[in-house]
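In the part that follows, the structures are each spelled out as structure tokens.
Shared between the two complexes below is chain A, which has chain B as its partner in the first and chain C in the second.
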Partner chain A sequence: MTRLLRTMTLGWKLHFKQESRNPFFLWIVVCTPVIYATMAYFLFQGGQKQATLVAAAVGSAMMGIWSLTTTAAAAALQRQRRLGILELLVASPTPFWATFLPITLAIATIGIYSLGTGLLYVRLLFGVPVSVDDWLAFVVAVPPTILSIGMLGFLMGSAFVRFRAAWMVGNLFEFPVWTICGFLIPLALLPGWVAPIAWVLAPTWGMNALRNAALGTSAWPDIAMCTLLSIVYAVLGGLLLKAFLRMARERATLGLT
Partner chain B sequence: MTTVVEAVDLRRTYRTTTGTFRRGSVEVEAVRGISFEIQEGELFGLLGPNGAGKTTTIKMLITLLIPTSGTARVLGHDVVEDAKWVRQHIGYVFGGDRGLYERLSALDNLRYFAELYGVDPKVQRQRIHELLELVGLSGREKERVEGYSRGMRQRLHIARGILHDPPVVFLDEPSIGVDPVGARELRSMIAGLRDAGKTVLLTTHYMFEADELCDRIAVVAHGQILAEGTPRDLKQGVAEGTVVEIEVYGIDETALAGVRAIAGVTGVTIEERDQAQVIVVQTATGAEVTQAIMARLDGVRLGRVTTREPTLEDAYVALVTDHGPAGLA
Partner chain C sequence: MKALRVFAIGGWLSYRALFSWLQPSLFVMVLLVPSVTQMIFFVFLGRAADVENDTFFIVGNALVAAAVPCLFAMSQTIAEERFTLTLPALVVSPANRVALFLGRAFPSVANGAIVAAFALVVGVTVFGIKLGAAAIPGVVLSIVIVAFSCTGIGLLNASLGLRWRETAVLSNFILYFLLLFAGVNVPLDLLPGWLQTVSQGLPITHGAEAARQIVAGSSIVDVAGLLAAEALVGTVYAVVGLVLLRRFEVIARRNATLEVA
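Now for the complex of A and B:
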């Protein structure tokens, strides 16, 4: 177990390093939140409530992180497939979930740039002070929220191993997830039938936690729910990955040669 | 001698889709019943043209592909049922630019794979240092791989493949695209693996590489083994006598058929070289056929005529073009 943890930590660190050096990724994480934050600012400025504006900035940052996880994680995996690295990772004796999970987590972590960019941007350009009523809950909520996005990426990404074209499906999930999870618009404003879907998506709870911490209402139940769902995703993702990996070995979809 | 790698009637079929609107599927038999054994400490070559099934065979042996039928065992362990054990005890290296984290340094690449293969952290640093020395990358290990030449990448690949000191190493066309000096260094490294007591399976389509390195070779084409033996066996099996090469300028099939019909001629192939063609005639031991060939080529404009000893390439060309014996195994 210690060895697995060490392998995963190093995997996360090196993938973070590898992908942080990708100019395309940095473009997505730095520019996307700026565009989203601009939209969010003008959408919410009528309310003139600073906490709402901060929540909108956080939401736009989450949109950036999610965009990165769906598009970039899929692209990273596709690139690893093209470069033959995917086969080498599978051919190693380390269980593949322990190799794959750090990749999606590393990419979600790069999204921290998004959070920083989003908050800094609304502060500097629109003069919105970063006022958070419950800083402790806010800071505590950030890691599980990013983890939840990474885990959702892991769950979806298991399909990328089996299906070469699954990265396109990843792109299709970009807009629905940020809408349903209430990154930009609070869930209460969406039609009632959306709610059950949103409840099973861990980032919804993470976003609620961040918004509630900013507004000064209790964020702890949301943090707990976000963490719990992330664990469920990890288990489900691990099982799916095992099945998809077996299928990939049967149908020769691990490599492109 | 202990059998280290054993393949029994291995088969692998791929299903590919065709068409855009009216989709269909086609089954391609990449490997069609391959069987062989590799003994401990042996350097065994799989030699064959592109698409012969060499890489598919290797991928089944290293657990990346599940065979459609047949079995394969490495060190007595089934590659499907006991994949994790097999992975722990083998190394895999393939050729070309791929298989490395480009934006990471060589050191980071090796550190990560050392972890993935469970190399003890206490010996990791020392082991990586030794391997960097062995492959001649000491002093360059902190540079990003994206700045490496193909030869350097290939040497790094070899270091990565043997980080965990596996007893069995699979090398899939390791010298492909490497310049002559780099390829010579690689061959020396591969010979060093055998000298270190490792069992090596090498796939290549470079004849001289197989001839120089391999203890035994299996020639593969169309997913089947056409012949198996030592390089010397293969050469002798196809052309026991000498090889006559005749440079010609324009030759028709009738004249070629005439050459094939000469007693003592065991095989005839034709190669295009610039403006000319070269007829390569393999002869039986003791047969003196040069005069007879000249007589059959009467009226054809001739260039240089040479006689030489048969090479592995002659054997290979004869085998894969169905001009040689069906197999020696």
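Now for the complex of A and C:
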């Protein structure tokens, strides 16, 4: 157990440092909130409805976190394959999930830059004060939100292990999640059948938690849902990974799929 | 004749191989589906903000869908050549540079137009927008001209790929800039004056306005000025792109930085 924890901690640290130096990833987490917060500023100021720009800043930051996760985490295994080390990692005595999970968590953790950028940007450029009513709940909500998105990345990465074009498959989920998880668009505006889908997606609850904390309503139930969904994603991801890896090893296609 | 061969066959092979689309399913996953999901996002964002109607966002996002293949395909012509270590071979070849790069640009125009048309058809169908038969030729013409102008800025993007390795970042930067300031999702009158001026020099701005007017009932003649402006913007970017491609190639050869840019 201690060895597993050590492996995972080291893996998370290593990948966090490594991915923090990836210009493309940094572009996603820094520029996505900037671009979409700007868009929200112009759209919501210019329209007849006024929206809380802090909520828009948090929403656009969440978009950045998801954008990175869906692109990078979904393709994390493909990158190991491309580097020629996937077989070595799978064959090592350490369970493969303990190697893979820290990668997706590290990618989601880079999203913290996104949150910082989103809030700072609207404050500095548009002069919108970062008025968070319940700072404690807001700060507490960040780790479970990022953890749950990382776990969702783990689930996606596990499901796409057999796709050579995993990043492209992951990319397909970028706009749908942006649309239905309430980052900038209220769920009430979407067709009714969308709501149950949004409820099983952790970013919905993460966004709710951060928004509620900012607006002063209780964020704790949303934080609890984030944590619960993280556990579900982790279990499902682990099971999928095991099944797909066994299949790939039986067919000798681990390095080829 | 040789230049024509480089233009036609070289362009076709480059299109198929460099953009990794030897699997047709990737075309659907990379271009068609995201163009529709992006459009849906912005339609609902527009509703949330209560700015403009659905048609505004459907037409704008259908046209910006053309920019994705045009921008990325052109930057890939340099990035993928570098990745497969064939960039030096390309540069030392005596092939006519204009034919070479225009050959690579032409499939992008066709590709961008197809993606934009697909997105528009889906958007019109899903959101029940009225698009009369009389408007179709004008809309198609707008799409083709926008695809051309986006390929023009794509050529400029490709030239920068000779100086900067992070072509994906660059392409995304231009794409986001267009999403924000080309009148695609934010009406131009909501932007500050100086940004409205900048937007006049961007691809899509005039084409999107022309397409919207055509959908609203104007004729091609009514929007001829807008379409001409869009074509002019595209031509300027294409010429600047071709000149810079040549210039940066010379610099890269002189400094031996072709593969390390």
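The rule is short, and it goes like this: the second predicted complex is superposed on the first by the 242 of 257 C-alpha atoms of A that agree within 3 Å, B and C clash if a C-alpha of one lies under 4 Å from a C-alpha of the other, contacts with A are read in each partner's own complex, and residues count from 1 in each chain.
Keep in mind that, in the parts below, contacts are C-beta pairs under 8 Å (C-beta built on N, C-alpha and C of every residue); 3 or more make two chains touch, one makes a residue touch a chain.
Since the structure is predicted, the reported quantities are computational estimates derived from the model, not experimental observations.
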Putting chain B and chain C on the same copy of chain A, do they fit or clash?
fit
So in the superposed three-chain picture, is A:Ser131 touching just chain B, just chain C, both, or none of them (first/second/both/neither)?
neither
Look at A:Glu250 in the shared chain and tell me whether it touches chain B only, chain C only, both, or neither; answer first, second, both or neither.
first
I'd like to know which partner A:Leu88 touches here: chain B for first, chain C for second, both or neither.
first
Applying the document's definition of touch, where does A:Thr217 land relative to chain B and chain C: first, second, both, or neither?
neither
Taking the CA centre of chain A as vertex, the centres of chain B and chain C subtend an angle, in steps of 10 degrees, of 80
Please indicate which partner A:Cys31 is in contact with in the superposed arrangement: first for chain B, second for chain C, both, or neither.
second
First (chain B), second (chain C), both or neither: which does A:Leu184 touch?
second
Which of the two partners, first being chain B and second being chain C, lies in contact with A:Arg6: first, second, both, or neither?
first
Closest CA approach of chain B to chain C after superposing, in angstrom, is 6
So in the complex, the part of chain A that touches chain B is made up of which residues?
3, 6-7, 10-11, 14, 17-18, 21-22, 82-85, 87-94, 99, 246, 249-252, 254-255, 257
Name, in rising order, each residue of chain C that touches chain A in their complex.
23, 26, 29-30, 33-34, 37-38, 40-41, 44-51, 166, 168-169, 172-173, 176, 179-180, 185-187, 189-191
Chain A contact footprint on chain B (complex, rising order):
14-15, 55, 59, 62-66, 84, 87-88, 92, 94, 96, 98-104, 108, 111-113, 115-118, 121, 160
Chain C touches which residues of chain A in the complex?
23-24, 27-28, 31, 35, 38-40, 42-49, 51, 165, 168-169, 171-172, 174-176, 178-179, 184-186, 189-190
